[in-house]
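Got a structure here, written out as structure tokens. Questions coming.
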Amino acid sequence: MPEHEIVGAEELKDTSDHDKIAIETSGAVGEVLLEVDHVTLRFGGVVALNDVNFDIRRGEILGLIGPNGAGKTTCFNAMTGVYTPTEGTIRFKDQEIAGTKPHRINHLGIARTFQNIRLFPEMSALENVMVGCDARHKTSVLGVLFRAYRVRPSEGELPKSGIRRSFAKVFGISRHTLEERAGRRRSMELLRFVGIADRAHEVARNLPYGYQRRLEIARALATEPELICLDEPAAGFNPAEKEDLMGLIRRIRDLGHTVLVIEHDMKLVLGVTDRIVVLEFGQKIAEGTPEEVARNPKVIAAYLGEPDDAA
Amino acid sequence: MDFDALINGLDRHTLDGITRGSIYALVALGYTMVYGVMKLINFAHSEVFMVGTWTVLGTYTVLGATAGMGVGMVIAATLLALLAAMLASAGTALAVERIAYRPLRKKGAPPLIFLITGIGCSLVLVETFGQVLRAFFGPPFGRVTVNIPSVIETKVVFTIPGIDLPVTNTRLLIIIGAIVMMIALDTFVNKSRLGRGVRAVAQDPDTASLMGVNQERVIMLVFVLGGAMAGVAALLFTIQYDITKFDIGFIIGIKAFTAAVLGGIGNLRGALVGGLLLGVVEVYASQIWDSSWTDVTAFIVLVLVLMFRPTGLLGESLGKARA
Amino acid sequence: MSQILDSYRGLQLGNRWDRAPKWFRTVALLLVVAFAFYLPFLNILPFAYIRTDLNPTGSDWASVLFLIVVYMIAAVGLNVVIGFAGLLDLGYVGFYALGAYSVALFGSPSSPVVQALQSRFDLSEEWAVPFVMCIPIAIAMSLTAGVILGAPTLRLRGDYLAIVTLGFGEIIRITARNLDNVTGGAAGITQVPVPPGPEIDGRSFFNTIDAERWYWLALVILILIVWLASRLEHSRVGRAWLAIREDEDAAAVMGVAGFKFKLWAFAIGASVGGLAGLLFGSKQQYVEPNAFMLNLSFLFVAMVVIGGSGNIVGVLVGAFLLTYLPERFRELQEWRPFAFGLALVLVMVLRPQGLVPSRRRAAEIEDRRHEAEEAAADA
Amino acid sequence: ACGTTDTGGGSDGGGGDDCTFKIGAMGALSGANASIVIPSVDGAELALDQWDNDECDVTLERFDTEGDPAKATPVATQIAGDESFIGVIGGAFSGETRATKSIYQDGGVPMISQSATATDLTQEDPVEVFHRLVPYDDYQGAAIAKYLTDEVGASKVFVVDNSEAYGEPLADRVEETLGDAMVQRDKTQVGQTDFAPTISKMESAKPDAIFYGGYIAEAAPLLKQIRDAGIDVPFVGGDGLYGADFGKAVGDAGEGAVVMCPCAPIEADSTFAADFEEAYGGAPGAYAAEGYDAMSVFLAALDDGARTREDVLAFVNDYQGEGLSKDIAFDDNGDVPAEQVSYWAYKNEGGTLTPEVEVKPES
Amino acid sequence: MKDAVLNYGKIQALHGITVEVNEGEVVSLIGANGAGKTSTMRALSGVRGLSAGSVVFNGEDVTKMRADQRLRKGLVLCPEGRGIFPGMTVTENLNMGAYTRKDKAAVDEDYDRVFGLFPRMEERKKQVAGTLSGGEQQMLAIGRALMSRPKLLMLDEPSMGLAPMLIQQIFDIITEISQQGTTILVVEQNAKQALSRSDRAYVLETGNIVKTGTGAELLDDPSVREAYLGVA
């Protein structure tokens, strides 16, 4: 693997241009984006989800909490196509997605991170994000091989040197090349957005823990999801890092994404979410604004415990 | 296609298939055990079997055993040959582990590399008997088929009443031998302390070592046990077929590996089920068509089984072998 | 041995190559290619010692070169499957056979298929599908076979895939052997067509004697294939394969259609294998089932792994050595397979990352080696 | 002239009046079937050793192909490209011969095969350079069938072949000639060890003789298992079993098995047998006489003054003379006339093949 | 444990730390995620070798011993993420704990002891461990560790993945085991609980010990309170 183009110093500045990575959304804020409808999911005898109902509205930050083993991750898995619900349906933008293949669901506009980080460990941070960008690219395998689909480039895309420039003017540039460049640019932008651009070329395996968590978020954002699901993004963060993360989650929402977040850290959940859904033993036991949920006696009994223990 | 031939002699063909399959099953054990613990296809296992057959020949030669000895002598020679074959095969398996796999394990090499050293070892062993030993000792080593004296004379011991199916002593020995060894091994792995260690390493090597299981010893044990089973298979094979050859292991190895996958690689009982099923399928296929189509049929059956049960008939994992 | 390896490592060829200026790399590459074309005539001592026909029972140098390049093509194709997509294919010889059989079945006037066509459409006895048409047929046949094999089996986990593909290779060979009235059975098919070309000295351009012409043809095709394959490596397709190899589920959730990309890998590998087989069959002008034994599949895999799975240059080196050395040392005669086996074990134990590994793999293995060493607490 | 290009880098060109030549012998010199090839090459070498000619310096080069066509082609290209080779003895097997004869044709190298018997080699697409000292399988098959019906007196023959290029067509021919005298046909595979399915077919077919078309490696276990199953009818094989290893591999079970070969027995007290014994430490084995004859023909060409491949080829085409194995003359296809060939049944007695009876097929 | 340095490939996880546990004590190790707590435990138990430094147990240098050898000496780790054998039953898992022991009678006694501590386990004896709930699996893992008769029991995040009530229960059990005479080293994210239950504690940050003291001292330390207890 040859090294990638060296990124210019200006690219490392931690200010990023939101316009370049904001996504286009196709609906009004507040309308229902995803609907979990009477979903039940069993593994053999284990009922991981039992008749769960809730919906996510465009533009909000929704928290999903509950004791360990309550079925939160399972719920994510059902939404992203890893598992198929035993009963019930899940609708995304009014389209049934239960049972659809994970990659198709991603193409529809849902992305996620994993509770136990699952990056591509031998790829650089940048490449990890580029895999995400690729999800939106159109060049086929044959297109990559023969590069016959050529596009007339805009002035900015033309190469600088003379011969190549006129060549590109006459024959155009293959769509693959353009997409590749655009993907690289966007990926860099995203790394900057989550604040880890300084180590873009390091393989993911060697990144510090906090960077890995944020890289996962960048990779998910790269697929331009309308809904992004974060599974315990703050796990293992210290209070200061958690504070940063809260800001990041808000900024993600500002880019136009809708956010669903699983988190055990109540401070973060209460601080950042608009609404919270609480699960216990696969069942929804409460739903409401953070204040409502925090006061809900059922939630306190099942999850929060005596106020002192909410760590 | 001749289904009549199959239906008419169904009992007979089933017996033939089980005999053939018993050998597959015993050899398959070696693949399955090593795979269960190390997630590795031991390509040299076919040669572990091959070495066993030569050891039987050697033992007979040293003892001067021939057909028509007294019953006592026959039993003694056979038992000695069994012991020798088990030892030699187990030793070969262990040597392969030491030379070709352990250094790679220490270097943390990816599985594909083990495959190549396995193939290399297999070639070295084959050539040892086909070329190296011949260069030093001359025949019977070399590339020709070698006759092994049939110490046990084939006789019909009884006829299954009702279907009138004669059963010979050698067949009986093979089938019973294979099943007894399988049960013994299965019991060992499920019940004994060391066996528990094997299953623990198969499930989670790190935690197993925290429980005081010596992983290296378990790996050695697995190779020794698999090798010994191949030794048993070698003796039974020579009793039934009376021959060996430098590359006798190649085809049997591939069949046994197929059997292991068919039953669910990593699963001991799967090896038995897969072996017997494969044997029976092959014999049936050679009745319906002829032997030139058996392998095609066997592989198609394998693909069909895997399409419906992607991890083989009985599923995976040595750890879950009890299921 | 390890000292040699160390000093080799010390040269840091790969890094130097990357740091060299672009013009230097272009010129060097052109020189290498030019030298490759010149190889059959290489006759200047001491370099001529690499020739395989120096001793009386050696084999024809240009023929050996041809075979090397054909195996290189096959290895580059298999590398797409094993090295890029991480799928273990032990039946690659099946595609190779299909390629060879396609050109024989459709291009040879003595093949049962052509004869059937002749009598069906009242064609002359000389008629057969022209060679140039056989190329797309061969590629299409092996590609279709790749898809047919891949579609139901690619969902299987790694080692299950290995045995299924192995079975596939055998099925192809046995079927070719058994279907006498389609494939000519065990006797095979003669009069396999050769590429068109001007007649020289009363012989067609591509004949059985002037092997260097075949070699050049194969070399051109090899260069083309290598060029295309390296395009794949550094693109979204290569990234997708890498992602699948590392974590298939995570890749799927990131929108990588795992199955589709694996199937593509299979199809591409298959058609390249078919192309190699076509060259082989056409040069031999004779195709028979025993030329496609299982061992050849293992040999292909060994080429990929020994050279350095995932790295095209490594794979080329692997294919070269494994084909060339046994031919160069024919005088070892019967000892060759033994030496070969020994070499496989030794090379892999000493250099598990392959002779010319991809840098990514090398780093991976290096790290794991450290870990493994440290994990051994008694070290 | 045979316009070979100058690819042979290390080889010094032959030709001219300077009489330094090489003759190639290609065949399975290693592997399971080597015992049916090596004696013939030894025979050829013996002929060369005994050759008495001051003018010429001829060497025999042995090329091991393992009987594999893919390995034989580079060998053939090498020989064809090296002008100092003026002839080839072989190929020993039909498969490799089929794969290489067009190469030799292009190079103009005369071939004389000591043992390749496949019919198509001369009958379907003959090439000018190819000659052989053995009859093709049509005759061999007919002779075997005749032996089975006339000598054995069988009327229900069970025919088995090994699904390979040599065994299958031979068995086809036997089947054709036997006609109604064949009860059933079965196929086995190379490398097979368990023949239970074939044997159960035999048990229900109740044949009074068995023919096997194939090589030693599978014949030995097959025959043993036939005997183990208590089937005691005569067992007959083709020339694929005509090697010293057959008796060794099959052991006691092979007692009385018959191997048919289109080759006459060599008298044990002949000078050839004695010379051979002295040179190679054993009685002349399979096709040793044919190998001797093949070499003798080439040497005769040199004696006659032939100095180029063209000359040698012309000489061989017109050759007429008495050989060890038979009177030699090649027809237009390169075959020896059928009446020149004698077919012999050899019986395995105590591990050695001893001539039993000559068989004359009616053509 | 002295001056321990541990590397994962090029990454240095421990930069020469020294940890001391005296007989009969409960010592806890706290620190953020990735601080090197688990690495410390691995090095102590022998799952990983040290690049430098030594481990001394009961006056004996065990640095060069493998994990299974150390276990025989009484140095037992109950790993992070439980590490039970999912395919074995509860009884078999407990059996694995007694893998190295030959004293059959005493092993039977220990069964009773474990079942006494965790009555739940007795009810589920025959259940395959993979199907146990998270809390039950944690109990099983601790029970299994006890089956090896540890002199020093090391627990890596025993409360991880447990509901608040269960956490309480686990800590009660730890206290109980300690009172029965076993020395304990415990790693915890749940710093508050851990500190209040232990005699002494170490604070680990990116592979270095940054603080040490008695449990109560650290509970009152303002910087610890801010970083690990989430109290400003």
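Every chain is named by a letter (A, B, C, D and E) in the order it is written, and numbering of its residues begins at 1.
Everything below uses one rule, namely that contacts are C-beta pairs under 8 Å (C-beta built on N, C-alpha and C of every residue); 3 or more make two chains touch, one makes a residue touch a chain.
Each chain and its UniProt protein: A, E = ABC transporter ATP-binding protein; B, C = Branched-chain amino acid ABC transporter permease.
Worth saying up front: this structure is predicted, and the values here are computed from it rather than measured.
Between chain D and chain E, the least number of touching-chain steps is 2. Within the contact network of the assembly, the step distance from chain A to chain D comes to 2.
With centres computed as the average of Cα coordinates, no chain lies farther from chain A than D. Chain centre most remote from that of chain C: E (centre = mean of CA atoms).
Here the spacing of chain C and chain E, counted between their Cα centres, is 53 Å. With each centre defined as the average position of its C-alpha atoms, the distance from chain B to chain C rounds to 33 Å. Centroid to centroid, with C-alpha atoms defining each point, chain A and chain E lie 35 Å apart. As a whole-number value, the distance joining the C-alpha centres of chain B and chain E reads 44 Å.
For chain B, the set of residues touching two or more other chains reads 292, 295.
Residue positions of chain A with contacts to 2 or more other chains are absent.
In chain E, the residues touching two or more other chains are 9-10, 46-47, 66-67.
By the touch criterion given at the top, residues 82, 88, 152-153, 155-160, 162-164, 166-168, 170-171, 174-175, 177-178, 294, 298, 301-302, 305-306, 309, 334-335, 337-338, 340-345, 348-349, 352-353, 361, 364-365, 368-369, 371-373, 376 of chain C touch chain B in their complex. By the touch criterion given at the top, residues 5, 8-9, 12-13, 16, 19-20, 67, 139-140, 143-147, 149-150, 154, 168, 170, 237, 240-243, 245, 247-248, 250-252, 283, 286-287, 290-292, 294-295 of chain B touch chain D in their complex. Chain contact summary for the complex, chain C toward chain A: residues 18, 228, 231-232, 234-237, 239-240, 242-243, 246-247, 249-258, 261, 264, 268, 358-360, 363-364, 367. By the touch criterion given at the top, residues 1-3, 80-82, 101-104, 106-107, 111-112, 114, 118-123, 127, 130-132, 134-137, 139, 141, 144-145, 147, 176, 179-180, 183, 203, 205, 219-220, 223 of chain A touch chain C in their complex. By the touch criterion given at the top, residues 193, 196-197, 199-200, 203-204, 206-215, 317, 319-320, 322 of chain B touch chain E in their complex.
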